[in-house]
Structure formats: C-alpha cells, structure tokens
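Questions regarding the structure given below will be posed in turn.
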Amino acid sequence: MKAARAALPISMLLSGCGGIQSALDPQGHSAILLRDLILVIVAICSLVWLAVMIVLVWALLRRRDREPGDGQGSDRGMRIWVSGAVAATVLIISGLTIGSFYTTRGLNGAKNPDVTIRVRAQQWWWQFIYEDTDPARNFQTANELHIPVGKEVRVRLESVDVIHSFWVPSLAGKLDLIPGRENVLTFRAERSGVYRGQCAEFCGLQHSHMAFFIIAESEESYRQWAGAQRQSGAEPVEAETSAGKAVFAARQCAACHTIRGTAAAGTTGPDLTHIGSRRTIAAGLLENTRGSLAAWIADPQTLKPGNNMPIVPLSSDELRQLSAYMESLK
Amino acid sequence: MLPAVSNKSFGLFFSAGFLLAALTGAIGLGWLREPRQYRTDPPISAALEGFRLMPNAIGGAPPEVYFALGKPYEGTAYDLSQGKRLYSWFGCASCHGEGEGGAGPAFLDGWWLYGPSMVSIVASIRDGRPHDMPAFRDKMTIDQIWQLAGYVKSIGAYSAKLTAPSRNDAPQTRPAENRAPAAILFNEGSASVHPDQGPSP
Amino acid sequence: MTIEPGRSAATDAGPNEAELERRLTQTWSSQRGFWGAVASVDHKVIARRYIVTALVFLALGGLLALAMRIQLARPEARFIDADRYNQIFTMHGSNMMFLFAVPVMEAMAVYLVPLMVGTRNIAFPRLNAFSYWIFLAGGLLLWISFALDTAPDVGWFAYAPLSGPEYGAGKRADIWAQMITFTELSALAIAVEIVVTVLKQRAPGMSLDRIPLLVWSMLVMASLVIMAMPAIMFASSTLIMDRLVGTQFYNPAEGGDALLWQHLFWFFGHPEVYIIFLPAVGMVSTILPTFVRRPIFGYLPLVMALIATGVLAFGLWVHHMFVVGLPRLGESFFTASSMAIAIPAGIQIFCWLATLWAGRPVFKVPLLFLIGFIVTFVIGGLTGVMVASVPFDSQVHDTYFVVAHFHYVLIGGAVFPLIAAIYYWFPKMTGRMMSERLGRWAFWLIFIGFHVTFFPMHILGLQGMPRRIYTYQPDLPWGTLNLFVSLSSVVLSLGFLIFFIDIIRSWSSGRPAGENPWNASTLEWATGSPPPPYNFRAIPVVDTRDPLWSQPDELPVTSGLRSDRRELLISSVVEALPEARESSPQDSVWPFWAAIATSIMLIWSIFSPWAIVWGSVPIAVTLIGWFWPKGAAEDES
Amino acid sequence: MKERMILDVSRLPLHATGTASPTWWGTCAFMLIEGSGFGLVIAIYLYLMSLAPHWPIDAPPADLWAGTSLTAMLLASVVPNIWVSRWAQQRNLKKVRLGLVLMSFCGMAPLVFRAFEFPALHVRWDDSAYGSITWTILGLHTVHILTDLVDTLVLACLMFSRHGDNARRYGDVEDNALYWHFVVITWLPLYACIYWVPRL
C-alpha cells in the first residue's frame, strides 16, 4: 500500500496527450475511420431513439375523445404506420451494415508494411520482439513499443499462455492474441505521441495491470532508438552501479531476466537490457524512476499481487545498488 | 407417497440424514478450502529457510512455521501448479525429463535417493547434491523452492492427489499428474529403475 | 378403488359446487408438513419456490455488484483484492444469468402457462419438482464454494485456456462448469414440460392463434432451451474432462482449439439472451393490453417476430467473437445477421407503441415499468446494433460500453418487464395486492438509478476502460465517472430494496385481491387468487383470444373430468380439440431423492471420473422408484 | 364467475395413445435435445478435422470390424423393435413380454462389441483431440444404449408384474421402442464419422 503511494503516478508521462487511451481521441489511420463510423452510427441511433420516444410520449399523453378500440379505421391507419416503421428499420440497418462493411475495407493495411513486430503476450506483460533479417540484429522490449510515425506497422500477435487482446484505442481497434494461432494487425500512427494500450480480454489475476505504451516518433528518432536498443546492456561506470551488476548476477534475478552482454539470460521475465530507457515498469504500472524500481524490486507482490516475480530478500544497500544499476541500463 | 402413519418418524430420520449429507458436503468443500497466498511475508520466507536437516543430509524437520501455515506446499492446488511452472521455467526437465528421469534420477518411480521428506527435497534443490545436481539457492527464492519441492514430491506419489495439476496446454509427453498412480505410468525403459548414483552421503 | 370411468358419482358433473371443490381439493392438494412440501408436484408451489429462490439469488448478485462498485469508486482502491474481485465478477455474472434470469423466467412460465392455457397441472409435474431441487443444488454449490474461497474466477464465459487445466488451478473452474450442468439440466427439464403443456394441455378451443402471447413466448423460449443448451452442456462437460482426465479439446498443441470453446459457448450464449428476453416480450404483450384497455395490436406479427427472433438467435453467435481474428467474409455475414435481429425487435416495439396509441393508458405500477422498459430497451437494442458492426465492435468489445449495453438489454429488456409481471401477477399468486405507493417509489428509484448507473458506462467504454478490471490507475481519466457510477448504484439498489420490502410486506398484509383485480382478459384471472390446488373447478372452453373480455360475466366450461383422481384434459396440437382424459401424477418424494443422487454424482464427478459409473447406480434406483407404479388411482387408465 | 357447461368430456378415452399422448411428445422433446447433442458432436468432429493437418491425428483409422458388427446388430434390432411397438399397440401382453425380453438382449449384445470399439480406435482419449472426440462420441452413444437398456429391463419387469396389463404401460413400451429407433438412427452418422470419414 505504502509502496503504491510512494511510487509516482505516471501523469507526467501522460500529460499533453489528452485521452491517451480513448476511442474518441484517435491519432491513427484506423482509429480515425472508426471514430467517424462510431459518431455516424451513434448519431443515427440517437435520432431513432428520439423518434421512438416522441411517439411514446405522444401515445401516452394524447387526448382521447372517443372510446378505446374504436374499430377498424384506426387499426388500418396504425397498420400502415407500423409497416412504414418496419420498412424504415430495414433501410437503416441495411445502411449501417453497408457502412460498416466499407469501413472494414478501409481498415485493410498496406500489403508491405514498413515495420513488422512480433508481439508475445503473457500473464501479465507484453513482449515486443523486433525481428531483423539478420537474427543478430534482433532485440526485444517489454511493455513499450516504438514505431515510426506515418508508417504502416504490422504486429504479429501470439500468446504464450492464455487469450489476451491487443488494444490501443487511439490507434486501432482491438485484436485477440490466441494460443495456437497468429493474428495480424496493421495500423499507422498519424501523429507522434505516446499512446496507451491495455489488455482487453480477461486473462487472469492481474488483467487490470497489463498495459503498454506505443511511442510514435519521427522516423529518425525511431532509427536512433532502434540502434541503441540493438546494443548490449550498458557497462556500469560508477561504483554503485557496478555493485548493482554484481548483485544482479549473484542473486535470483538472472534466472528469469536477460541483460545482453552479461551472463544473465533468463527468458521467463522481461528482457532488461535497456530497462533504464523505458518509461514505465511492471506493464505500465509505475513510472520508471529509481525510487519506483526500488519499490518494485523490494516487493513486487504488494504492488501487483500474484505476478510471477517473487520477493527477493535484499539488504537496503543491495536494493539501492540494484536499482541504480537498473536505472543505468539506458 | 410415503404412508401417512410413519410420516413423522420418516421425516425425522430423513431430515437428519439430509442435514448430515449437507454437512458432509460442506466439510468436503471446506477441506479443499484454499485461500491462495500470493505474497509470502519476508519473515515467513526467512523462517522457511530454517529447517533442520539430519547430519547425513537425508530427512529432517521442517520449520515450525510450515506447520503453522498448514503445510501449504504439499497440499494446495495453487502452490502445486506454481511448482509445476517453476519446474519448466528452471529447466528441471533437462535432467529429470517430465519426471521419468534422464541424466538425473526419475521422480515417477517413487524412489527417493535422499528420502521422501519435503525437507530433503527442499535441501536437494536449495543446496544441490553430489553427481551434478546444482544448487538453486541463487536462482530461486526459498518459497519458490518449497513450491517446486511440493510439486516434485507430488509427482512421485502412488495415488493422485485431488489438488495435483492436470495436463498442460503443450505437446503431451506423459499422462498428467492427476492421473497417477505414478508407478503405473512409469516406463522403466531399458535403463534400470534405480541407477546407482554413487554412495549415499 | 375401482370406480368405473364415466360414472357421474366421481366426475364433476354430479355434485354441487362446494362439494366438488372439497373433492378436488382433497385430490389435488399436497400433504401438510415438511415431507408433504418436499413431495409436492403442484406447479404453483414449485414455481413459487423457484421464483423466491431466484429472487434471493438476485439480491445476492446485487450485493456482489455493489461490492464491485465500491472497489471501482476510487482508482487503485484496496477494498477487495484482485483474486476476490475476479471471483466476485464471475459470481455476479454466472449467478445473474444461470441462477436468476433464466430460472426466474422459467419459473414464471411454470406458474403461468398451465393457468393461462386452462389446465390443472403442468405436464410431467414430477420432473418439474426434480428440476427445482437440481437448480437449488446448483445454486448452493456455487454459493458454498464462494463462501469457502473456491469460487470460480474465470468470468461467466470461462474462456479456455484460462479456465483449462494449466491456468485454472484447483477446482474453481470445475465448480463453475458443474454449476452450469445443474442449471442446464433443470432448464431442459422445464423446457420439455412447457412445450408439452402448451402443445397438449390447452383448454378446448384454444387453437394456436388464440394462445396468449406470454404462452407463445414461453413456447419459443422452451424451444430455444432445447436447441441451445446441449451446446453448453457439452462445453462444460468437455472442460471438466480436459481438466480431470486430460482430454485435448481445448489444447492447440494436440489438435484441439481454444476458439472451439468460444464457438460452443456463444452458440448457447447468444440464444441464452433471447431465452431471457423472449419471456419478457411475452410479459409485456400480455400486461400491456390490460392497462390500455384494448386487445394487443398485431397479434400475428408479434408471434412471427417471436419465432423469427428464435430462429435468428442461432445465426449470430459469432458477433461475440468479432475480435478473435476470423475471416472477413464470415464476419460480414454475422454483421448482417446480427443487424437483422433488429427487425423483429422493431416489429415488437412498433406493435406495442400502436397498442398504447390506440388504448387508454391506466398508469398503474406495472404500466410504469413497461414504459420504463420501452425507454430503456430501445437504447439497449440500438447499442446492440452498434456492436453488431465489426469495426464498431473492434473498439468497444470487452469494454464498459458492452457492460452498459448488456445491462440495458438484460435489466431494461428483461428485469423491468419482470418487475412489471411481479406487480401484475402478485395478486394472483398470493391473493394480495402490492402497494401502489411503494411501487411508484421503487419504479422511479430503479428507473433513474438504472440510467445514471449504466449510461455513463457507455462513455467509459469509449474512453478505453476495459471490463473485468479490478482497479485502474489514478492517471486514467475514468475516476470521476466511476465515482459517479458507484454513487448512482446506491440509488438503484435503494429502488430494489423498496421493491423487496414491498413484496415481503404485501405478502403478509397486502390488500386482498379478488379473482381479477386488473380486469384482465386471460384465463388465469378466471379462478381464485391464489388459485386452488386444482386451478380450475371446471376446465374453461375458449373461443377468442381474450376470453374474459368477450364474455365478462360467464365462463363456458367443460364437465366430465373425474374428481377422485388427478385428471387432465388432453387436446390436439393445432386446434385444441379434446382428445383424452389423462391422469396427472401424484405427489412423490422420489424426484427429491433423484435430485440428491444426481447432485452427488455431478459433484463427485468433479473429483473422479468413476463417479459417472458408481454415481449412476443411485440415480437409476431413484428413477425406478420414481416411475414404478404404486397402484394409485392415477396409475390406472 | 358464473360457469356455463357447454362441453361434456366424460366419454373421452382415459389415456391418449400414439402421437396424442403427452409422453410421446415428451419423448420427442428429449430426443430433440439429445439429437442436438449428437449433431453438435458431429459438428465438433468435423471442425477439429478441418483444423488438423492430418486426420486422424497420429493414429491409423479405426479398425472396422467391431463398429461395423455393432452397426449391423443395431440395424437388425430395428425389426423386433417394430414388432414390440406393434404388439404394444395391439395390447397383446404375452407378445409384449416376449418382445421386451428380446429387446433386452438386443440392447445388451451391442455393448459387447462396443467394448471392442474403444481399443479399435488405436488412440487414447488423452492422446490428441482426435482421441478425445472419438472417445466422447462413443461414450455418449454408449450412455444412450445403456439408458434405453435399463428402461427396457425395468419395463420388462413391469410387464411381468401386476401393473403390466395397462394402457399406460403399453404407451411406455411404444415410447421405449421409439427411443430405441432414435438410438439406432443417431448411430449411423456417428458410425460414418468415426469409421469412414478418416478413410475418405
């Protein structure tokens, strides 16, 4: 509890983005099309509802001079009205069906995407693997996806364990990640910015804390970033961070995490090679500061109960050194 | 229809029986009650380290706290299934296979080189054993080791526990843990069942 | 007893009315005391039990909802932890769908259908008793497991593989799956009874085009149950088999498929919505004419719409799976079919509006709830059209928009009519009126509370809030609306509280109601309130759709049924011409024992496959005891 | 409300027979439920087959002899079954007794072959989805044979008891015969699925 309070909120990160996770604030090609469709359908349906309400209120409150059920005349009139209303219903839903069909066609991405990324969802974090024709140039991140603005991005969605759903409402509609199957989603960010996404299919205990961020940036900064990510983990220069590296190697950390360039090559948890460069930790739970890193390492089970990272007993010195080392892995 | 004469005694008899059945049901379910523990308090973790091992490193006494907790690692489905995940995450299968053994001894045959007690299994994992069983004390936390030990102990059982894990969503190499008795599933193969692993310490 | 059939001494033609009533009461009533109650096969007794039990589950489910709203009122609140929250929302959904909504609708059918078609008991009354005990056992199983911290935590549609052997440790998912088996078993039993009661036991002259709309809707509902429930029974059984004996239905690595579960579940799950909604349509169509003082407009189109909805219900399950990545062509087909369901729904709404238009509304509580129903359900239907569109759905699927949508459909579309129905038929069931004053309070609190609780959820969903999250971070722009929703839910609960208070108060001390307090037109109002154990002193004869309106002073009836044994009139399927006098079974405790034996087998089979073998033996014994003739008058013919 | 007698039903028969009987309709409803179940397992079988690269998965097609003999036996049992139904219609107690004893054997004999059908699949239920669905189909159908067998046995006992000679009992015999037809007819597509579809 205390640790949760102590950890700084991620508001700084989110400021300036408005509804960073909202279907009504689209910043991507697909999401804009979808927003337009949503607004049109909602408008039409609102009109229909209003019309029904007007008739309802009128029917309830209108003055009745004659006796009820006054014979065939009014029934015939009503029959015409009801048939007309049914015909209008058919027309409207046909229109909506055709409209949604054309929107779906518009969502089809380009045949040759500029970037392809493998997404492996697992309980309860996101693994993003940037694959290259040369496997030596592969690298991976966790819970943070960088993409170039204005380019077609294709994500290949797979699941390690249960069903998850990849959803960044500001950029595109959602698509499930299903064990044993691969789904492909193509999208394009129109403006640079930080967009939050979240697992949208219930996936177990910490479904609520399975967020990620998409950072859409200019082509150049994207390249720079990717270049930096391909490097091995930064060598510590200060005494404190060197000590932290030693702690990392000596304690249980390396069994689950990888830091390229060191002996640590565990694959159960996220790759930490450049964890210092990420904006958040623990699948979007905490802003990435030395303090929150320390809080997380000290007691991950209080911040995110039931996740797969155990409480590793560390002295306060070790904790300080380890979090300094983590922070230095830019 | 019950005859009206004996209705009263019948009623008494059956309502007693019905209550008894309901009670049995509740006890049965209560026996399986599993308030899952996701977070082991650091003091408890520390206490779990403090088991006493016999001088010959076979058998010993678990710490008091283990009994106070109700021996969770052997009996609760959640801990056993976590143990199963740890078994694959920490590469146990590379030597012990899916329990049928390999470079390391088998578990499914119910034969324990260092005795079947939880404590000696925990000690084997934590501290390692001769003939290439590595120590995992730097790779796993103590509560993970207890979870793993509970799982390892359970797959050697001669009768399947109700709380034992079921099959995985993966290619099947052997029947699931809850389909024991393990001895029947154990395929002796060409190797001898209890290979001589050197002198017991 | 050897009384020659046809002799006037034993039939209803001979004695005077008081003597006849005494004889019929003796023949038809249940014995006193605990075992008499357990053995009762009177459809009214069982239905009342069913309704009360279902309403208890409604109240419990409501409490769960309140707990969730407290947790969600603030970001990162720690009122309930993640594990408990997951159990609670699973319990809430499963409880409301399987233990409240479907059973309560069926229970209304069990109570009303025999009365409305003018017969003395439901078909297969012992099966009916069995069905109640099985339902009760399923409900107890779920709630006891919740009390013992082993409640299912996988959501009410329990997607594999999360609910499967690897990720669902313990017996939590098994308890969910077996609870489904219990409730489906009871639902299937009732469906068979209703179909046969409607087709074979109608009063003479009640041809298919004179059946009250409620009965029509229950007939369609029962057919949907018969066609849809096998899918979920199969799904839940295979899930248990995957978990217990290691079958591979949902394991993609061995040729199974995770999506197979979704296909099976939604092939049942979508018709399930109509299983709940169609009875509500029937209720509205039956109650509305009474309060606008004219017959329903468009009887035939309404019947056609009911049947069309029932048929279409099987063609749109995939719209629950629009984001799993199915081929485009399939999705377009299912968009079209999901949209098409709006046509029968539209026909129903327009016919009701026309009926209102042409009638003279009397603003009693049932009518208020019907108006609330139209206002609310139209929104639910329109948001349904929205989620039927694949691209629209890709943004709102599994968000609070969908949560809002189905609460509009289920509460607005089914619970509002249900409350109207309870206010409407309460005098018939208990002989006492509910309070008009409390009813108005309940209506306004529920109506306003409902909209302020659920309407903002549409916006939350569009703002990106996924469903089934136990908390959210303070930075996300959802806090204010969530707090508002949580506060509003208190208003809604208050409305339900008043409704429950009204029920309890009126049951003991409500104003006595006569035979027909609303001056309604259907047959159930032609007998006492509450109806005597034999329902009708003499079976009515029907020659119009609104028998009590066409001949307000006199009821044409038949004579010649025996009064010394339980006897029903069997009539032909289409025209309801009398065909035979069939005996109706006596009270029996065997259905109770059969239900206990079945429950033991089902619960045991969560733990061991051998339960199927050994558990079947007591079931067979109890079933033989059930069917073995005891030499009573009912066994002869 | 005042009542006016306009119809006397006292001369109607005391028991509705054939399609007029509610029990007949109830039996049909249950057959519809179970028929939906069988339709469903066939659909699942074909669905799983459509997903698999090879079918059967890691197993040879099932051996034909046990299943085919069982099918022949079931088809042959239709004849005595029709007789029983007809005798019941004629209310011929002696023949009905004989027929029910005969049908009890007709119910038991297929079970012997069924016992050989499971090993003839050459796959266990937990080996693959193919094994799971075929075992489930066989199991489900076996349950139906068993249910009808128990029903037949109980009815046979009833017919030899003092409750036997009763219109209601004859109706039960007819419904039981109807159900056996259902058990036989539903087996044919299942048989085709298990034994012939993998050979196509």
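Per-chain residue numbering starts at 1, and chain names A, B, C and D are given in the order in which the chains are listed.
Quick note on the criterion: contacts are C-beta pairs under 8 Å (C-beta built on N, C-alpha and C of every residue); 3 or more make two chains touch, one makes a residue touch a chain.
Keep in mind that what you see is a predicted model, and the values were worked out from it rather than measured.
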| item | value |
| --- | --- |
| Both-way neighbours, i.e. chains that touch subunit B and touch subunit A | C |
| Which of B-C and A-C has more C-beta contact pairs | A-C |
| Identity of the chain that, by mean CA position, is farthest from subunit C | B |
| Geometric centre distance via CA averages, subunit C-subunit A, whole Å | 38 |
| Distance between the centres, which are taken as Cα means, of subunit D and subunit B, whole angstrom | 44 |
| Subunit A and subunit D, separation of their C-alpha mean positions in angstrom | 52 |
| Two or more partner chains touched - positions in subunit A | 161, 179, 205, 305-306 |
| Where subunit C touches two or more other chains, by residue | 83, 161, 166-167, 245-246, 248, 251-254, 257 |
| Multi-partner residues of subunit D (at least 2 other chains) | 126-127 |
| Touching pairs among all chains present in the structure | A-B, A-C, B-C, B-D, C-D |
| Touch list for subunit C against partner subunit A, complex | 76, 78, 81-83, 86, 153-155, 159, 161-162, 166-167, 252-253, 257-259, 292-295, 297-298, 301, 323-325, 328, 331-332, 335-336, 339-340, 342-343, 346-347, 349-351, 353-354, 356-361, 371, 374-375, 378-379, 382-383, 385-386, 389-399, 462-464, 466-477 |
| Partner subunit B, residues of subunit A touching it in the complex | 161, 179, 205, 250-252, 254-256, 268, 299, 301-302, 305-306, 308, 310-313 |
| Subunit C residues touching subunit D - in the complex, by the definition given at the top | 5-6, 8, 11, 13, 123-124, 188, 191-192, 195-196, 199-201, 204, 226-227, 229-231, 233-234, 238, 241, 245-249, 251, 254-257, 260, 263-264, 515, 526, 537-539, 541, 553-561, 569-570, 572, 578-583, 620, 624, 627-629, 631, 635-637 |
| Interface residues, subunit B side, partner subunit C - complex | 1-2, 4, 7, 10-11, 14-15, 18, 21, 25-26, 29-30, 32-36, 38, 76-78, 80-82, 162-163, 165-172, 175-176, 178-179 |
| Subunit A partner contacts - residues on subunit B that touch it in the complex | 36, 38-40, 42, 45-46, 85, 89-90, 138-141, 143-144, 169 |
